[in-house]
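Multiple structures are listed underneath, in structure tokens.
Each of the next two complexes has chain A plus one other chain: chain B in the first, chain C in the second.
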Partner chain A sequence: MKPTRLRATLTGVALVPVLVWTLFPIYWITTASFKTELALYAKPPQWLFTPILDNYSRVLTNIPFFQYLKNSLVIAIGTTLGSLVLGTLAGYGFARFHFRASEAVRFLVLVTRMAPRMVLVVPYYLMMQRLGLLDTYTGLLVAYVSFALPFSIWLLIGFFVDVPLDVEEAAMIDGCSRLGVLLRIVIPIAAPGLVVAAIFAFLVSWNEFLFALILSGVEAKTLPVVIAGLNTDAGPLYGEMSAAAVMVMLPNIVMTLALQRYLVKGLTLGAVKG
Partner chain B sequence: MAAGRAGRWFLLPGLVFLFAIDLIPLAYSGWVSFYNWWLVRPRDVRFVGLANYARFADDPEFTRAVVVTTLFTVGAVLVEFLAGLGLALLFAQPIKFLRPIRVLLLLPLFVVPVVGATMWRVGVLNYYLGAVGLGPLPWLSDPRLALVSITLVDAWRTIPFMFLVMYAGLEVLPAELFEAAAVDGASRWQSFRHITVPLLTYIMLLAILIRGMDAFREFDIIFVLTGGGPGTATQTIQILNYRAFGLGHMGEANAIGIVTLIIVAVMCFVLMRAILRPQGARS
Partner chain C sequence: MRISRSFAGVAAALLVVLAIAPAADAPASAQGKTITLSMLAGYKEDVLRANLPEFEKKTGIKIVVDAAPFGDLYKKQLLSLSTGGRYDVLFMDEPWIPPLSEFLLPLNERMKTLDTADFIPTTVASGAFQGTQYAVPVDPNVQLLVYRKDLFEQKGLKPPATWDELLADARALHDPAKQQYGIAVTASSDIQTALYMLLAMWSYGAELVDGGKGSLNSAAGKKGGEVFLELLKYTPPNVKSYNFADVNKAVQLGQAAIAIQWASGAKPMEDKTRSSVAGKLGYTQVPKAVRQTPMRGVWTVGIAKNSANQDAAWQFATWLSGREFGQAAVTFPSATSAIHSPRFSVLKDPVTKAALPYADALLASLQITKERPRLREYADIQENLRVTAGKLTAGELTLEAALKEIDAGTNRILGK
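Right, the complex of A and B next:
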């Protein structure tokens, strides 16, 4: 099935509005981070301007930005690993083992995700207080793994179910244990699903605002709380805010580009399997 | 298919963790919702049974919040699903230049919601709408337009989610099915209708389900953009809940949360039945 040249051209044309819609706000906030206060509010909007670094130097010197960056990174990576390990095990369990209450339990897994965070945050605060885990990485990490896990499980069930059973059975006949089958056969085949699950677990943690605001005081404060703090009573500091926003986007973009290669590899592997 | 025995050890770690972290606070929240508990009067905590819930029945503000939340959820999920599916199909085509662009589409997901909402406030669009005589539009100050604006910002942020999930689903569809269909003379629409849609149903419904539940509870964007205004035009159940918390009315706030949970659970149950049907047919 080779696409015609016409089809490729039409696709290209259709992409233009899509890309403008998707990228323009990001482009604008990025350029805004290099603008003076005056240029930010200029009418007509300034497309060409002399870039300055004042917004960045203010963010980096006025607040311990790198400490907050480290907090965000450690918690997000921990969330990703935790939810991948637990999610893979449980997803495989649901995909391959059927017991009487199987569907009811699977439904319960979703119920935990339906809970409005607003409701969870106060009792969770009390629990963490009792355990002495307020304002720690662990307190936020545990909450975030629980946020990311239901999605990981459900997504991975979908991918694991599609793994051909006979390949697994053949491996078991050859003396592979259940866990061995999962690690050596199922995970490589379902790699695209794992990548998607990993990206979303990371983002759940990286973007979360409400729990971070309430559970973290000083030590474990994450970047969204810092950025929201720039929306002061005296009005938002757009310059500093956009500079901080750009720096928050940066590690994400690097991570996605790094994963991108693996994503493609995983996808081709999935295509080969059938 | 194997019986439950060995499966237990795969399922237990995740499930025990999940239920301990989520269901215990939920149960506690349900318990608090039966109390009259105002933070500024810690000594005056009384059991009031269902009084916090009974209040909702004849509270026009609550009814209004349910309507606003429903409008927002349905509108946002519909727009995001269609756009996400369209993009997934567009990018599933075997065209070379799509590969490097793919990752660009995902970028809005990387923007922290609080910031993502804020950057739309900068009035570039309004300036140019004004320049061509169409504006400036009162995006956030007109009651009807405010809800549309919020939906659009939400769509900008989460269309990539829909795209990514459905694209991943499309990529693992066996290519030879389509080749066989093409050999048999199936048109592009026919193979979409009879191969893609049935095989993708599980992933599509899952994406709708996840997004629907999230949209129903959306808070960050609405809070940053309008705070529920103008008036009560964008005051969703979550904003109402937040206000009850802010005022320190713990019982009432928890009751709102429990009601939200029940509404979402019903919504989820209906969709779940649709998801599990083809799933059961497959195994």
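Right, the complex of A and C next:
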């Protein structure tokens, strides 16, 4: 066996427990969603069973699932767009323009990520109440964009700094405005970074529970709150929870697989940024 | 002409009557209002949503339901009420009423309009605090003793009436080799462990708080604690990680011959798709020692003091606690669980008894049920009890040390 082949084999073997560790909970949730409660609780566990769709049917009929799915999608896409637009502008600004307090301001952006979310929930609630934004898409969007933005800014600064200044200057000599440079030159070059920032912003919103619970109510309720509601005072409804969790995971999996190429590239590039 | 004018008059009157007929049950001040309800998410929400259209059609009052998970509902209600929030009606577990009372509308005068004789008295008491009624009962819950009728018959046993009989029966039915265990209770740091232990201590005459002080550390408390610890010898092997759902699971899988469980866990035990022992279970009151003290936990509805729609909110609260909704709720086709009515007329109804095999035990237990201390600080006291009971069952504390620690914690919380 050649050394490179041996190394690949050993790497593969080493990855098996990591993959099992990572994928087993997903396998368990997925199979649980197709089991009866008796099969779910069976000891020893039933590895082979007759799948049923009752859990899905109960989730889809007892709960206005698609309404909450729409809420989650609108808010997650809004958060993604908001944090991308603001993150791009701020990141580019920090990368290209230096002023007296620019380092301090850059640091302050990160400070907002240092406080535990729990500490912020009551002030956010009071602000949204005063502004009449409780239980609205806007209220949750404002909160989530503020959570995703520091990460987006810091991630994108690294990508923008790496874009050769000469290219930008050449474009400007050819008559391109600063905004034109950003849109036509910088963003296409830094696209992998934007994809990574977009995925993280989407996930921040898609999976967030605490603020969705407190700031939403009837109109803007998102799926994580709905799933938590299946943990009742008479115990968790594991079958229904699993079915809902599978349906919530699906868009993430599809999106991540579709953007996998950019994601890997973006993460790798981001890893060597200064 | 004359005829046609009369006809037109009659037709117009008829139209007016038809227009107002759907809202005839609501007082004028309540019609056309929109009420926001803070509700518990899950199966209780399902039951409510299924029946709401009828209420809305009948009264003209629209109900907006904001449902939150059990673990977060109280926090959300407290935050909303304390900041002048958005709820008109709140669905509350009874221990929440003392701390929320300052934000709730006193209902003593309005209660006089209800047929209170039909309510089980202990359930009405669940909505009161310091002599003021703040909520009406909707869904009463109480601890029951569940047992396998088939196994008891095979062994020629009677359902246990006392803790000594319970211990003897659990011992007789405990056969780990066959994965058959005497009794299912929790012995983890879950809140249910603390409540099981408290149930046993209460039965022997101990009180969690007496005279404004922690008072479990007594001969009665010790005896109750010993019985509880003795019971753990006849449980499934993993009860140290059990919670409410695991007790249900042990019954539903046919592993436990006996269980002490809240009535809210009983319905899935009788569902054939969820339980291998459906139809084989008997239900009775929890055992007694010097007294019988099944613990009470009633879900109630109250009205926010700052609600702008108090008449409509009251109309809705009375409908929720009424016979019509109660009857619809107990027969709601849910395998998960039920909303149990607080009314004699509903729980005694043959239709209810056919739907809920435990209806008799539920009614009998509710009539003698014991409430947990009605204190604003109760949540903290219960948390202290939970933590210490967990240490006791984990073997970190002896019973004597645990009792001392519980009382010390209670006194600290009460500022004694």
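Throughout what follows, the second predicted complex is superposed on the first by the 257 of 274 C-alpha atoms of A that agree within 3 Å, B and C clash if a C-alpha of one lies under 4 Å from a C-alpha of the other, contacts with A are read in each partner's own complex, and residues count from 1 in each chain.
Here is the rule we go by: a contact is a pair of C-beta atoms (placed from the backbone, for glycine too) under 8 Å apart; a residue touches a chain by one contact, two chains touch by 3 or more.
Only a predicted model underlies this, so the values are computations on that prediction, with no experimental measurement involved.
Asks: Taking chain A as the common reference, can chain B and chain C both be placed on it without clashing, or not? Answer clash or fit.
Replies: fit
Asks: Could you say whether A:V196 touches chain B, chain C, both of them, or neither, answering first, second, both or neither?
Replies: A:V196 sits against chain B, while chain C stays out of touch.
Asks: Counting touched residues of chain A, say whether chain B or chain C comes out ahead.
Replies: B
Asks: What is the C-alpha-centre angle with chain A at the apex and chain B, chain C at the ends, nearest 10 degrees?
Replies: After superposition on chain A, the angle is 80 degrees.
Asks: Answer with first, second, both or neither: which of chain B and chain C does A:L213 touch in the superposed model?
Replies: It touches chain C, and chain B stays clear.
Asks: Going by the contact rule set out at the top, does A:L134 touch chain B (first), chain C (second), both, or neither?
Replies: The answer is second: A:L134 touches chain C but not chain B.
Asks: Could you tell me if A:E37 is touching chain B, chain C, both of them or neither one (first, second, both, neither)?
Replies: second
Asks: May I ask you to decide whether A:S57 touches chain B, chain C, both, or neither, giving the answer as first, second, both or neither?
Replies: It touches nothing on chain B or chain C.
Asks: Taking the superposition on A as described, I'd like to know which of chain B and chain C A:L237 touches: first, second, both or neither.
Replies: second
Asks: Can A:A228 be said to touch chain B (first), chain C (second), both, or neither?
Replies: In the superposition, A:A228 touches chain B and chain C alike.
Asks: Identify the partner contact of A:F107: answer first if only chain B is touched, second if only chain C is, both if each is, neither if none is.
Replies: In the superposition, A:F107 touches chain B alone.
Asks: Measuring by CA atoms in the overlay, how small does the chain B-chain C distance get, in Å?
Replies: Minimum C-alpha separation, chain B to chain C, in the superposed model is 5 Å.
Asks: Where on chain A do the contacts from chain B and from chain C line up?
Replies: In chain A, residues 43, 122, 126, 228, 231, 236 are touched by chain B and also by chain C.
Asks: Please give the residue numbers of chain A that touch chain B in the complex, ascending.
Replies: These residues of chain A touch chain B: 1-3, 7-8, 11-12, 14-15, 18-19, 21-23, 25-26, 28-29, 32, 40, 43-45, 86-87, 89-90, 92-94, 96-100, 102-103, 105, 107-120, 122-124, 126-127, 142-143, 145-146, 149-151, 153-155, 158-159, 161-162, 178, 182, 192-193, 196, 199-200, 203, 206-207, 209-210, 223-224, 227-228, 231, 236, 238, 241-242, 244-245, 248-249, 252-253, 256-257, 260, 264, 267, 270-271, 274.
Asks: Would you mind writing out the residues of chain C in touch with chain A in their complex?
Replies: Residue positions touching the partner: 36, 40-46, 64-72, 76, 79, 83-86, 93, 179, 243-245, 248-249, 252-253, 262, 264-265, 268, 273-276, 336-337.
Asks: Where on chain A does chain C make contact in their complex?
Replies: 36-38, 41-43, 54, 62, 122, 125-126, 129, 134-135, 213-214, 217-218, 225-226, 228-237
Asks: Inside the complex, what are the residues of chain B that reach chain A?
Replies: Contacts found on chain B: 1-4, 6-11, 13-15, 17-19, 21-26, 28-29, 32, 87, 90, 93-95, 97-99, 101-116, 118-120, 122, 124, 127, 131, 156, 159-161, 164-165, 168-169, 171-172, 174-176, 178-179, 182, 202-203, 206, 209-210, 213, 217, 219-220, 224, 238, 241-242, 245, 250, 253-254, 257-258, 260-261, 264-265, 268-269, 272, 276, 279, 282-283.
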